[in-house]
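Both complexes shown next keep chain A, but they swap its partner, so chain B is in the first and chain C is in the second.
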Partner chain A sequence: MTFALDVLIPHYCDPDGLKRSLDSIAAQTWRGRMRVIVVDDGSPDHDTLAAQTHCDAFAATTPFAVLFERNPTNLGRPRTRNRLLDLTDATHVAWLDAGDIWYPDKTARQFAHLDTLTARGVDISSVWVTCTYDWEQHGRARTLSQRVGGDQVLELLVGDHFRAYLWTLLGTAEAFRIAGRFDERLPRLQDLDYFLRFVRGGGRIETAPGRRALCRYFKSDIGRNASEVHACYKLILTKNAPAISRYPRALSSKLHYKANRLASRFAYANGDRIGAARYLAEAALGSPRHALLVARNVLRSRLRAGG
Partner chain B sequence: MIRQPRPVPPSGRRIAFAIEKLAQRSGGAERVLIETANALAARGHEVEILSHEPRGKGPFYDTAPGVVVSNLLPPRSGWRFFTEWIRSRLTFLPDYPVLDRIVGIARDGGFTRRLERHLRATRPDVVIGFMPPAISALAKARVDHPMRRVASMHNAPEQDFLNPERWNHTRLDQRRRLALMSRIDRIAVLLPEYRDWYSDDLRRAVCVLPNAVTPRAAAVTGREKVVMAVGRLATVKRHGLLIDCWKTIAPAHPGWELRIWGDGPLKDDLAARIRAESIPAVTLMGHRSDVADHYLTASILAHPAEFEGFPLAVTEALAAAMPVVGFEDCSGLNRLVRDGVNGRLVPAGDGSDTARRIAFTETLSALMQNEALREALAAGGPPSMAPYAPDRVIDLWEEILFADAMPCASA
Partner chain C sequence: MSLKVHVAVGARPLLGPDAVPGDALAALLGPDIAPVPSTWAAAIPGRQTHDFLLGPEGPAVAIMGRSLVRDFGARDEPLLIFSHLLQDHGEGWGEVMTGLANAMRSHGAEPVFVLHGVTLDDTPALDGLAAWMQGLGLDAVVGTEAARPDPESVLDVALRRNLALDRMATLLPGAARDLGLRWRDDAELWAPLVDWIASARGVDIDHGAGDDALRELARHFLLSRLRQDAK
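Moving on to the complex of A and B:
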């Protein structure tokens, strides 16, 4: 049986989060031939068992099929995602991380948008559809839309208004083949690398119309290794250096600043004040022009707030 | 139900092609590179094409979805104007011992350095260098991961290694170009006779990998009275000789036309000569992407080139049931065209221009007169190209790129 949609979920030590994700899939208004593929990344036995129990319950109570597999050891997210890619054989693919949720009309709206694009004569075999999403961190949520117009390589690199989040995506299996496989050297930020490869390989990302969010991401910086994040960001910048060099040099400076700022944020969130200060100093010294611009903007906004 | 992980499918390999110049280049090797890259991407591999050139434009041929094109040479801006100015001055140093090293580094050092840096970051499983400049850079690049280095040769070896007029003219490069091949894991040559040219040490790494030829459904009869010539307008293609021949042939064959497709350094000279000598029924068509369609309607491909690697124009004409006329001593062509089977091989005589001109005129003229012979030769074209069917050639590419054992194919 060929499925119309495979939903790919990597799971590690979060059966409750997985249940939340599965419940959101069960509530989808789209009722095509869907299969959920979950790969457990070598969680402890009790977590694996709980995750499989949730999957079995999902299969028993919904019209959707489930495939549950397990890595013998913890191989990391990129390898788990690659394994998910190997397992898929549906005509369309969507991603969801265990713990995050889709709102009920996400799949329907994204399929409808693919239909609209097809009607307009767009070749959807090289299109991913992203969507507006809710971002929840420290109990506060905000709705963020994806601005997909213009130069998508540049927008993804800058990341202010267009962010590389795999769990927002739905597209044809053919379109996902454009991006190839996840780089297994990137335990963090592999989404950004994957998105950049897709766009640089001739893919185009569209967004489902409407300002309402279609999914929710529960963000946490806790437990994320700052030096790992920093190394991954730097590697992505090096891999894409030929593309980055086509833009004004200020971009390169900004991106290296961003890499250090991001690492500083993760270090701070995990209680490593010294590490955070070190990354911040590296950001300021490595990209002084950009650091001054940021400092000026912060100062202005503080003055405005104060005045 | 818990399953064990499956092995990574062989399709998901990282492949990089390296070529020095690609932007808006419409040559045969560039086309083979893009078509091979596209076919390998369609088979599920991650493909990146790396060039190193000042032109910021994209390739002439379309890349398929999934193929990433990266120009490793950053645009000149800021301090790079200054360093580039110094570098370009250094290439004009006298090419003598000691100084030749500076000239060599000034000319090629940037490509090697940037290629090395990029390969270390992207860690491809295999890198294919196309043509000597990229192959030398690939051989010199030092990486810290297992990576197969493949050289894709597109000319007769004498042209790639011994002709001082081709590729890099620096002493250092000419001395080292062949020696660097010992650092290459696989050397793909177009024809079996090219393998024999290499020394015993290198021959172990040499494998025969022809270009792919896409079969075309073409009619043998009812063709227009058109003689085609396709190729870069450069000395090596001998378009001047063809125009000389046509000057004699045209008056005796009213209704026939000579159409020359291609662009190149001799374009203005050839156009001026046609005008000055009022040669009838000959047109310079320029470079057009629809040239392949004309193989289906024209009658003969005239290809008087001096030497070839694996001429795409010839293979495409034969695949489209069009007889080819060329010289019997033209490498590459003389392997593909079989006299009296799918075309005519013209004897070079004493090798002088006059002897060649007379012989080519006679052979081409005779074929234009004889419709039955044209049809018989046309029918022989497509079967002769069957061994070069794209799927078979891409299978062979994958074998060369990934198999542990040397492919023994010797098509």
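Moving on to the complex of A and C:
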């Protein structure tokens, strides 16, 4: 096996977004061998055709190979990602979701960081490299860095300064094998579950140095089913209960609050105000101490902003 | 799989120790050639030298060999810049070159080293270097005999600046004696000298400066060293 990078992209009904992603891959300054693998998750024929056309154009105009596959029906994100894992045979793996973009030096900077780690004697076969990223929602973007120091299980669970986003990652194929396969019971939040499995399995996540973002995520809550998100979050908490029980009880309370708060946000974004209120009430009743803390902080920040 | 690895060499100190603009040098040598970014070892944005591979700390040669295979091949062929390989090739450089080749082989690539002579005037003698490398069991061929940058181009200025810095360095022992300092033969002031010039924002050494001006500059450099040591 010679050195190469496989970029794994799941696609569903967003050929224009896929094109944007492919254009950003074509602009990478890294000069190594790269193959892009796209698995279309059973999009309607016209979207699949458009996606394949973009892939063909990419292969014709760049030095990079493309493999385009299609699921016979819509199987969902985790099964599509597992199929992508089955198709990869490169020494290194990176992920990108159709619609999101990499900035030109993302790959080069992350590979350089792997070399830095190797020079320091770190075994990179158990390392993923994440990066600072731009988060765009409602046309507004902010730059978020990944705080990878400290207890990574705790930081991932809390998710305030270290977030589980697959499209930020680059690592060796060996390192990705630590996390195994995506849990097919998780149509949502499978990134978080995958990251937690990696870290709990002995993996370590590092970040490429620098404050500048290396990729951009286009966030949308619209169309995401709140109850599905809620159920997935609860399942992740159940799966990781042994790990969570090692921390003070306040963490468990906070995480259950977060599960309801997140579902409430998705419900609200999709126009379900009653559902949003119900999740919010569950958050407050199930984790009253944490709800009070959040309310106090919100009140303080509003008072500060007002005066 | 064979992989061409371009190697730029030249009369010492044309290509170093102050790193030269890597992209400009690669463009001079041919299309589809790109300098190897080694930010993991020496963070000099846009300027490259790979001299650190000689006597490295840690697994630098192995990492570089792996990078040559991994980071190149789709768009460009890699370029390494060795400022004094042409003059000093011997046991140390032999270990670097064979170490690089072995590392590349272990990752599935057979290297073909293509030698390029960078110059401002004379044509460097590359045949001897190629023969030496072949004697090490390496596949080495001569690419460009004498690559000359366009006058006043970015690369031309950088190379002439290196020559001026070298002339200044040769005047340091005399300047030290004039100041009543004893000069040690093993004094290695190249790196501090380059840093000192780099820290002088807004001004730079004039590559056309005469010996008197350079001697005066050398005196100021030595005085700055004395002040630094006194802190």
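As a convention for this text, the second predicted complex is superposed on the first by the 304 of 307 C-alpha atoms of A that agree within 3 Å, B and C clash if a C-alpha of one lies under 4 Å from a C-alpha of the other, contacts with A are read in each partner's own complex, and residues count from 1 in each chain.
The definition used in the following text is that contacts are C-beta pairs under 8 Å (C-beta built on N, C-alpha and C of every residue); 3 or more make two chains touch, one makes a residue touch a chain.
Being a predicted model, the structure only gives us computed values, none of them experimental.
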For A:Lys239, is the partner it touches chain B (first), chain C (second), both, or none of the two (neither)? first
Counting only touches as set out at the top, which of chain B and chain C does A:Ser126 meet: first, second, both, neither? first
Which partner does A:Arg249 reach: the first (chain B), the second (chain C), both, or neither? first
Determine, for the superposed model, which of the two partners chain B and chain C contacts more residues of chain A. B
Touching partner for A:Arg181 - first (chain B), second (chain C), both, neither: first
For A:Phe68, using the defined touch cut-off, is the partner it touches chain B, chain C, both, or neither? Pick first, second, both or neither. first
Touching A:Thr91 in the superposition: chain B (first), chain C (second), both, neither? second
Residues on chain A in contact with chain B in one complex and with chain C in the other? none
Can you list the residues on chain A that touch chain B in the complex? 48, 52, 68-72, 75, 82-83, 86, 125-126, 177-181, 185, 197, 200-203, 235, 238-239, 241-243, 245-246, 248-249
Partner chain A, residues of chain C touching it in the complex: 1, 34, 37-41, 58-60, 63, 66-67, 69-76, 107-109
Which of the residues in chain B end up touching chain A in this complex? 1-6, 8-9, 12, 14, 44-46, 50, 56, 63-68, 70-72, 74-75, 77-78, 117-118, 121-123
What residues on chain A touch chain C, complex-wise? 1-4, 30-34, 63-64, 91-92, 108-109, 111-113, 115-116, 118-121
